[in-house]
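Going by the order they are written in, the chains are A, B, C and D; count residues from 1 in each one.
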Amino acid sequence: MREVAYSDSEMMIAVAARVLKGARTVFVGVGLPNIACNLARHTVAPDLELIYESGVYGARPERLPLSIGDPTLVSGAVSVVSMADLFGLYLQRGLVEIALLGGAQIDRYGNLNTTVIGDYSKPKTRLPGSGGACEIAINAQRTFMIMRLKRRAFVDKLDFLTSPGHLTGGDSRARLGLPGGGPALVITDKAILTFDNPQREMQLSDLYPGVQAKDVQAEVGWPLRLAVTIGETAAPTTEELRLIRDEVDPQGMYR
Amino acid sequence: MREVAYSDSEMMIAVAARVLKGARTVFVGVGLPNIACNLARHTVAPDLELIYESGVYGARPERLPLSIGDPTLVSGAVSVVSMADLFGLYLQRGLVEIALLGGAQIDRYGNLNTTVIGDYSKPKTRLPGSGGACEIAINAQRTFMIMRLKRRAFVDKLDFLTSPGHLTGGDSRARLGLPGGGPALVITDKAILTFDNPQREMQLSDLYPGVQAKDVQAEVGWPLRLAVTIGETAAPTTEELRLIRDEVDPQGMYR
Amino acid sequence: MNNSAKANKLVSMQDAIATYVSDNFSVAIEGFTGFICFAAGHEIIRQRRRNLTLIRMTPDLIYDQMIAAGTASKLIFSYMGNPGVGSLYCIRRAVEKAIPCPLELEEYSHYGLVGRYAAGASRLPFFALRSYIGSDMLAANPLIKLIDDPYGTGKIAVVPPLNPDVAILHAQRADAKGNTQLWGLLGMQKEIAFAAKHVIVVIEELVDESMIRADPNRTLIPGLIVDAVVHEPYGAHPSYVQGYYDRDNESYLAWDKLSQDHAAVLAWLDEWVYGLENHAAYVRKHGQAHFDKLKPEPLLAPSVDYGRHR
Amino acid sequence: MNNSAKANKLVSMQDAIATYVSDNFSVAIEGFTGFICFAAGHEIIRQRRRNLTLIRMTPDLIYDQMIAAGTASKLIFSYMGNPGVGSLYCIRRAVEKAIPCPLELEEYSHYGLVGRYAAGASRLPFFALRSYIGSDMLAANPLIKLIDDPYGTGKIAVVPPLNPDVAILHAQRADAKGNTQLWGLLGMQKEIAFAAKHVIVVIEELVDESMIRADPNRTLIPGLIVDAVVHEPYGAHPSYVQGYYDRDNESYLAWDKLSQDHAAVLAWLDEWVYGLENHAAYVRKHGQAHFDKLKPEPLLAPSVDYGRHR
């Protein structure tokens, strides 16, 4: 049914943009999430303002930023503040509606590891660490994860829990008093996963065109729960593809 | 011995300026202290920078400020910051060498009352309250008080302790962990009082020309301790008077 | 913050107060010595609000007037004086003699009240500061507490967060979305704006969004947290707005005399508040020449180059 | 802060490092993604300092280079990546394989490390933040603690103050006293400057004090806390300075490849650090044309009027 050829990345960008529908603020990193947010501003969320942990509120970058501290995010922004104020007054205050996060490992409750593979004190691979992710995961009203499905990433047990998701499931997050709502979605290259069940456990919710549930399960390191009804995500529209290719990522850096 | 006539206020201004010798930073209110600081910049403390609780560092006012929040303190200042930063980064950080304070009542240990006369819950007179005085008294490296000698002001017991001086004397201030050094001087209209004894109790240290110790005692509500040797403060010099009258307070607002 | 996404939040002062300030609310009209929105205070008096909790570090003349008018039952503050002049007699009458009604006081030092705003602004359970130890203020206000430093350096004072129902802030300029720029004394305006449940911004000049985006470091309050924008020139008179008009010191000195008599205050309110429809009428009654005298000579900051990084 | 009163603090980078950076010191070269003073880092390598504790939220290429050169035994950080590119291979070699020497890590989240700076900057015993609860970071770093809110809302995380021996900060402009103005990403520069025992400011442009006083709201760091001012144009290359030059992304991408091999790194250090006398030689070796390409088109902020209030 693919009328126009598109890449996995384009599908992820289109999906990530759609789920921002009506959002007012999004906390965003560089790369694919940044493109998705800009696409959303052109489509489903015209009032969306981008917030970066570097201190930028309401960026209007004239190019795709090279990093979250790129000076193009400053020029033309609504407000640029110290990081203390960004984390305190925007994030911790609860003004971030949606935060986009990723990680090297994720578990069934949406907890993330960006710190180490192996033992913390003698790591096999030293990863970048938290950056702002730990407090973003705790304070944002909702978090959406964007991660490609890989068995080494969707693991039964994290090597290190950097950023809290639904912790051990159920109301364990609320019991610890974490102010934000926690993980709501995982946008992958094959399917959309949600946490809409009392256990707050990741479940297969929507499959992309041409993908089977077993293709997803094959890349997940635990028996993946299925939603009551599993939908099919629509392929990128020609308008979405045009916007991605002509407007938000004309150089194709993230395709 | 008065060669040139001068007022009590001019004497207080001259004395307050002299004791700022070599100082780098002073935390200052309006009125007489402000004039003294500006005189000191012309004489004994050319590098002196004025700090105001309103958020101003390094003011160069073009007129005598009407209040500590006067816009003339902003125009031409080195830095103007939020009050959170002024109190946190300058005062609490310990960057204020000398703070000038006053009050409705002072006791023998340099504790100050600016809150109420009478009972706190049913005050006879409701005074302005602390403003920044409580934290200034706690954090400044040294505090100098500027107050006219009056029996109702120099009291045996405060109606309310707003701003801590040497508390109950001796090492009581250090034992509570207050970071600043506390009261060092009281500059009055008749004499200079200090706290240079192990009890940190106010003592008569220097008499102004023509003043006797008994004139001072008459305005103090407890038996005033005397320093081992009592000096005589020199009258304002002709140069000090010229600067006060022509440069720092040409309109004579505080004479 | 239900209005945060509205592109045009411009309303009249009358509408802003009618919508966002109700009886029994906690209200902070802030700005240290300058940027004090008298126009908002007068409209609250005019709309006869009652039982307000008024919050301001330095109550200044505006709260003296509002308390004399009977709008408030409680005052949260840190310094109660007519700055550079003397006493606030209306507030003292309320405290000392319950005229026109009793007034409960809740009192802090400046840094303590700034800290309450800062904790409220960042959803923290408390703000720690080196103050109060050794002072009777600890006993006078049980909301101020001492805790042990978990790293073993001893006791430290803390104050709880403060989140007023509404904050009203005056500034030089904003766009119609409420993105607000302010220069001069930054005071506590940022903290109280983020702490409040609703924010009304009152401005001297309405500018295009592009003007705001041309100097993002100058934006103190984002439209995201602003509910209403009121374009009210001279709205901070007789206090001042940096670069726009100076303090009308005659008014401050006159109030010092007039406010010593409650009847005189009521007559003043009749003439200058109840007797006028709105702030524009107040400006007309003073006459433009009155404000022209308060205008400082220009002193322009040099520009800075943000660069088109593309 | 013994130098605070000196009217002229201008010194060469060589003298600044020789005077204020000693073996075993804790050193923070800060600036988030931009304003990273590579010139100072290179001079520290050139002067062969050893056993430093390096502090930076994002170690970036400069600490990768300094750690490969063997200057450091400990790193305090919150995100260890080549921003927008990938890994920092030299630091990973030190952590995973002790090449060229072992490196102790002390790790925070961004807000946690900002909070350590903020507590250090304001002489507070701790900084409270809503982070860490539920994370393994609490167990990995015993300096992060949980305390009970004295107002009864539950647990909150705290971090202790951090006061480095020296902070090195790059900015657009300062006067000879060290009064420093900076625009663009304000990051954590204010907090680390007030937290440090000594401060070296490195600037693109030296300006007269009158230029600073013409826009006091833009002054982030007062000369009061600055010990040395180094006028070093392009001193933040290959990172960027808002409005002055863009990031030299080719250098970031090239480092990603080159740094995967320790011998190649040593050769690079020989050519670009040890082999050059100072940063001026580094600029000459690149050639002016290289920097001209990085210059953005101008985008000037509108002026504001402070007014001559007299």
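By our rule, contacts are C-beta pairs under 8 Å (C-beta built on N, C-alpha and C of every residue); 3 or more make two chains touch, one makes a residue touch a chain.
In this text the structure is predicted, and so the values were computed from the model without any measurement.
Between the contact lists of subunit B and subunit D, the overlap consists of C.
Counting C-beta pairs in contact, the pair that comes out ahead of the other among A-C and B-C is B-C. Averaged C-alpha coordinates put the centre of subunit A at 40 Å from the centre of subunit C. Subunit A and subunit D have Cα centroids separated by 29 Å. Chain centres here are Cα averages; for subunit C and subunit D they lie 37 Å apart.
Counting partner chains per residue, subunit D shows two or more touched chains at residues 123-124, 129-130, 153-154, 184, 186, 190, 214, 217, 240, 242-243, 246, 296, 299, 306-310. Among all residues of subunit A, those that touch two or more other chains are 56, 70-71, 74-76, 80, 88, 92, 139, 179. If each chain is drawn as a node and touching chains are joined, the picture fits none of the line, ring, star or complete shapes.
The chain pairs satisfying the stated touch condition come to A-C, A-D, B-C, B-D, C-D. By the touch criterion given at the top, residues 30-31, 53-56, 65-71, 74-76, 80-84, 87-88, 91-92, 115, 120, 123-135, 138-139, 160-164, 167, 173, 176-179 of subunit A touch subunit D in their complex. Within the complex formed with subunit A, the residues of subunit C that make contact are 4-5, 7, 121-124, 179, 190, 194, 209, 212-214, 216-217, 219-220, 222-225, 306-310. Subunit C meets subunit B in the complex at residues 32-34, 58, 77-81, 83-84, 87, 91-92, 95-96, 107-112, 114-115, 118, 129-137, 140, 153-155, 184-188, 190-191, 240, 242-243, 246-247, 249, 252, 296, 299.
Here subunit D touches subunit C in the complex through residues 123-126, 128-130, 145, 147, 149-151, 153-154, 156, 158, 160, 172, 181, 183-184, 186, 211, 214-215, 217-218, 240, 242-244, 246, 296-310, going by the rule given at the top.
Subunit A contributes residues 24-25, 47, 49, 56-58, 60, 62-63, 70-72, 74-80, 85, 88-89, 92-95, 139, 179 to its touches with subunit C in the complex.
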